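This report concerns only the one structure given below.
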Amino acid sequence: MIKVGIVGGTGYTGVELLRILSVHPDVTVSCITSRSEAGMPVADMFPNLRGHYDLAFSEPDVKTLAACDLVFFATPHGVAMRMMPELMAAGARVVDLSADFRLKDLDVWATWYGMPHESPEWAEKAIYGLPEVVRDQIRTAQLVANPGCYPTAVQLGFLPLLENGLVDPSRLIADAKSGASGAGRQGKIGMLHGEVGESFKAYGASGHRHLPEIRQGLSQAAGSGVGVTFVPHLVPMVRGIEATLYAELRNPADFDRLQALFEDRFRDEPFVDVMPFGSHPETRSVRGANNCRMALHRQEQSSIVIVSSVIDNLVKGAAGQAVQNMNIMFDLKETLGLEAPALLP
Amino acid sequence: MIKVGIVGGTGYTGVELLRILSVHPDVTVSCITSRSEAGMPVADMFPNLRGHYDLAFSEPDVKTLAACDLVFFATPHGVAMRMMPELMAAGARVVDLSADFRLKDLDVWATWYGMPHESPEWAEKAIYGLPEVVRDQIRTAQLVANPGCYPTAVQLGFLPLLENGLVDPSRLIADAKSGASGAGRQGKIGMLHGEVGESFKAYGASGHRHLPEIRQGLSQAAGSGVGVTFVPHLVPMVRGIEATLYAELRNPADFDRLQALFEDRFRDEPFVDVMPFGSHPETRSVRGANNCRMALHRQEQSSIVIVSSVIDNLVKGAAGQAVQNMNIMFDLKETLGLEAPALLP
Amino acid sequence: MIKVGIVGGTGYTGVELLRILSVHPDVTVSCITSRSEAGMPVADMFPNLRGHYDLAFSEPDVKTLAACDLVFFATPHGVAMRMMPELMAAGARVVDLSADFRLKDLDVWATWYGMPHESPEWAEKAIYGLPEVVRDQIRTAQLVANPGCYPTAVQLGFLPLLENGLVDPSRLIADAKSGASGAGRQGKIGMLHGEVGESFKAYGASGHRHLPEIRQGLSQAAGSGVGVTFVPHLVPMVRGIEATLYAELRNPADFDRLQALFEDRFRDEPFVDVMPFGSHPETRSVRGANNCRMALHRQEQSSIVIVSSVIDNLVKGAAGQAVQNMNIMFDLKETLGLEAPALLP
Amino acid sequence: MIKVGIVGGTGYTGVELLRILSVHPDVTVSCITSRSEAGMPVADMFPNLRGHYDLAFSEPDVKTLAACDLVFFATPHGVAMRMMPELMAAGARVVDLSADFRLKDLDVWATWYGMPHESPEWAEKAIYGLPEVVRDQIRTAQLVANPGCYPTAVQLGFLPLLENGLVDPSRLIADAKSGASGAGRQGKIGMLHGEVGESFKAYGASGHRHLPEIRQGLSQAAGSGVGVTFVPHLVPMVRGIEATLYAELRNPADFDRLQALFEDRFRDEPFVDVMPFGSHPETRSVRGANNCRMALHRQEQSSIVIVSSVIDNLVKGAAGQAVQNMNIMFDLKETLGLEAPALLP
């Protein structure tokens, strides 16, 4: 049994980790921390866990965490980077669901997150944990930076195009839409049901923290810098991300082999599903599941490839991918605990 | 492995059966029928099942069904009763999720369902499958009539009060609310998102088909006829039922022992959760899970017991309870395939 | 032109007052206050008002307010009662949308609102502004206490039954459901879209602040104390209240004359619509409009009258009723500014 | 008083026309037709209109319609074009909300709408009624083709860029999102609340009927053919469209003058609101109102102009724009009947 600790368990990624791990046959959650709720049973805060966990939130403590086989950080940015040096020194292995170790350029990180980075050593050593790209490095990693939700949906959809140099890398557009749980579980007026319900809007259209992360990932896939425009939107639903991706084919004749190319690229990926050409993936088809489903489109007389890619922002976009990374790190079957189909309807 | 057949698989209870059974370790779904969609792969209609089933819908055929260990009917009323005599004669065991075998008084059935009952013999023999009431009879039953969604939520909440004769049985009120999936998957204008979204209303307030089913179950619990008023409402959400129940305590002093009484009644029930006095169960706390959660309330100077009871209408109110019944019928662990926590948020 | 001031304009009732008053031909809004947002143009906070108002929020100031013909309070409880003596002394007329002057029994008020009442004199003089009951007193009132949202829906539905002594006043049940805007515009975790969306629950089932207000109003209608159970619920929508009311007819033969009785009671009421017997009023049929629609139901062999009553909690349940009261106070046509039909769909 | 007839009144644009016209001071609705519902009072189908209309649906009849000053068609495509020659010959003036007269190239029309066009004469004479472009021609038009919902949001947002030749016209992208009312009021399974609720998806990504209409309008603005990619999406809400538009500036230095350019372009337009640079228009800020609100964005080091444009699909995207066109045709104040602010929240 893998002994797991969770730092920062009162948010949506925290409860989602607990939900997923509760059916994982090889895991025991031995501690879950929260400064603000220390002492409260997790099942009192999250009633879906009644009968599944006896655990209560505890004060974070490095020694206790270091005694775990794996520690998940489900904290706001800035927390993990401060605890990391000590934890790493103690030999812990970590999957960090926050943004602290996702960017390699720490100046860019500092600009977008509004503070200097305090653990440059581990920022360099951290593996950006998109299994579909760097599975082998994840296997042996001590610290995995779990990708952001939007970056997961966007990168997976663009990968085959960029890796094969089929599209103009300077003209990528990612128009992405997310349910409200992506904003976390804090009492902000703008995220009230009275504000979000029955309305739709773009946000962060002049620049969002996931833009540099997307740019970094896509540049790596393309082998050189890319020009990408990324606009996120807020959908009046709880879970789910859809990203509609636009790229310009260098050679429109390539349209004929795109579907096969995508299917080949992801044939062995347990969690990426390339649907038939012209399909329209729905976010509900991945609700609660660790899948990314995508489909390709072309409009008449056009050289634009359109990719629609969907994930559950809390699963493949956060806790599910984190568990997938854990499975890889501990040499377990990659799908363990992640087999159940999505909840539809 | 139990070989399962499903009749009528294109509705919401059909896809929910497939979702639940896909993680059941002891079950193989060997056929799923649909007259209208014969030949279509189930995963084409329900993309959440892509990668989980290779099965296609087939024409219903008694011989094929009779070769299954268990047949689920997920059909509109009127279908199961016509096929039942032949299936029963062939020795099949059946859990019928439709309303065909729920009522013992067939005149009442004919009135509410608008047709004469065509299988009175099996209507008499069928076991009304609420495990919390008749678990032992389910074990050996050949035909189990799976309870309706509202009746499950309402009966479980009233049971301890009526079984112990604590309340006036002539003055029961059940004010129930359901998500839109309860109306099924047919193209009715009244169930469009444009009609249901951002609105709330009562329906069937002058009489709903679940009223006689509720009355039958509560009368059995009370040991004599009850007077119950039942008003269902339509909530702009997909899944979930909440029933707020009102009953008048014969002796207000009994308030002091109600919580213990409820806890005792359901202590050994794996799927009924009595929350602390004064809690407010949320439908999302049971979304996708086979649980019924309930809590008790009292208002100052009042002799009215208030019970709030929630289920997922497609799970404990339909497919989950059907699988629970199957587990009982085949002497499996009752919770098999039904262990995962609810999806919250 | 009536010169109007609004105290506390950053909440949902504030913006709703502005929306309604913007089309009122006889009103000018001359000031709108907010301590926290002083200086911000109202159209910056509420973009639907762009092009309709040049006004900015200002610090509350008694002198400025007293110079208005009418002041609306759209503040949390506790604010209006402190400013009232000075404003009243200055001769202002006020419609208070908060709870400060709704209850006549100030001990009850203090218990439910957690503070002593600081303006007993005006609590006594205030008119509880339900026009359908006390229109004549509103005409000349200096201070009108605008009824709460739930109490409006519940009282209107019960009125004809109680005024005519047709039902057992000790056994009234009001099961009410509200959209999330009823909780106001404050950053509470429990009201996030991520918490409220796709879920349904009761709340305040052991006692809610609107219970004593409902009891007071119904007792007045009945001519003596009533026993009423009131359970509110939270619906995943923004606007709307539906109340399903249950009462026991003393004489079931009275069922035959109930519809006519209700129609007579409200025949001259411009904002109460008694729909045909057996109808199901939808909250969207009153969205954005000042109407209360209701319908009667009876279930077979039952002596329980069921009334389903719907309002928009922000209109007839708050700002619309406040404007209706203003129209009455200033001897204007009662429907002025309130004529537009509801937004459906 | 303008005597108005409405053909096809049982859909969402029909009820919306009635809602808007009910507060229009210069209009009387003298007939509203529906083959299927002839004889039914409109207020029985649309309860928000109770008390506002005594009218019942009637069989469509050319003579009666021709006696109106203006006829609105709110019919599925194919209906208006068949009745038009006779109506036009009778001297009627018409605003057609359907797609029948929007495209000038009738081969394209036939391809997308699956039938030959039956009124080529009037297809040529019809004025495509986007007031912000061809107000003067609308004034004297006998037949106005009311623009589609998506085309309105997309064209208004691109207009200033194309009219001034600032962007590469071959690389336009319009990623648009709509509430479910855009699909109309027909009983399709795919539009059930159980299918649409809590989910998000693209649809028509390989080609949607509004694509040729958008291309025609943008080409006219650009003065030559454009290359535009248009992907619509379905949002789990009832009303509202948001379009996020991407275009590549020929000269990035032009960014500095874009805001002023947009403001100048729409300064005199009563229904187009250019919000401050970097704003995020919400669909609720135009719910129920005839406004289009838009805002500009730029991401660092990018030459892509981003425009976010919102309308209410049933108002500025259908019935409201139709009434605006009527006001222009009859030389009324253009905003008459359309002054009320949007319903927020």
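In order of appearance the chains are A, B, C and D, and numbering begins at 1 in each one.
Here is the rule we go by: a contact is a pair of C-beta atoms (placed from the backbone, for glycine too) under 8 Å apart; a residue touches a chain by one contact, two chains touch by 3 or more.
Please read these numbers as outputs of a predicted model, since none were measured by experiment.
J.: Count the C-beta contact pairs for A-C and for B-C, then tell me which is higher.
T.: Pair with more contacting C-beta pairs, A-C versus B-C: B-C.
J.: Let me spell it out: compute each chain's centre from its C-alpha atoms, then which one is farthest from chain C's centre?
T.: That would be chain A.
J.: Using mean CA coordinates as chain centres, what's the gap between chain A and chain C in Å?
T.: For chain A versus chain C, the centre distance works out to 45 Å.
J.: Distance from the CA centroid of chain A to that of chain B, rounded to the nearest Å?
T.: Each chain reduced to its C-alpha mean, chain A and chain B end up 36 Å apart.
J.: How many Å are there between the centre of chain B and the centre of chain C, using C-alpha atoms for each centre?
T.: Each chain's C-alpha centroid was found; their separation is 38 Å.
J.: Hey, what residues on chain C touch two or more of the other chains?
T.: Touching at least two other chains: 12, 179, 181, 194-195, 197-198, 236-239, 281-282, 284, 287, 345.
J.: Across the complex, what residues on chain C touch chain D?
T.: Per the stated touch rule, the residues are 12, 15, 18-19, 22-23, 46-52, 181, 197-198, 238-239, 273, 275, 281-282, 284-289, 291, 293, 314, 339-345.
J.: Report the residues of chain C in contact with chain A in the complex, numbered from low to high.
T.: Within the complex, chain C touches chain A at residues 12, 179-181, 183, 185-189, 191-198, 236-238.
J.: Considering only the defined contacts, which chain A positions touch chain D in the complex?
T.: 171, 173, 175, 177, 179, 194-195, 197-203, 205-207, 211, 227, 229-231, 233, 235-240, 242, 244, 246, 248, 278, 280-284, 287, 297-300, 302, 304, 306, 308, 310, 345
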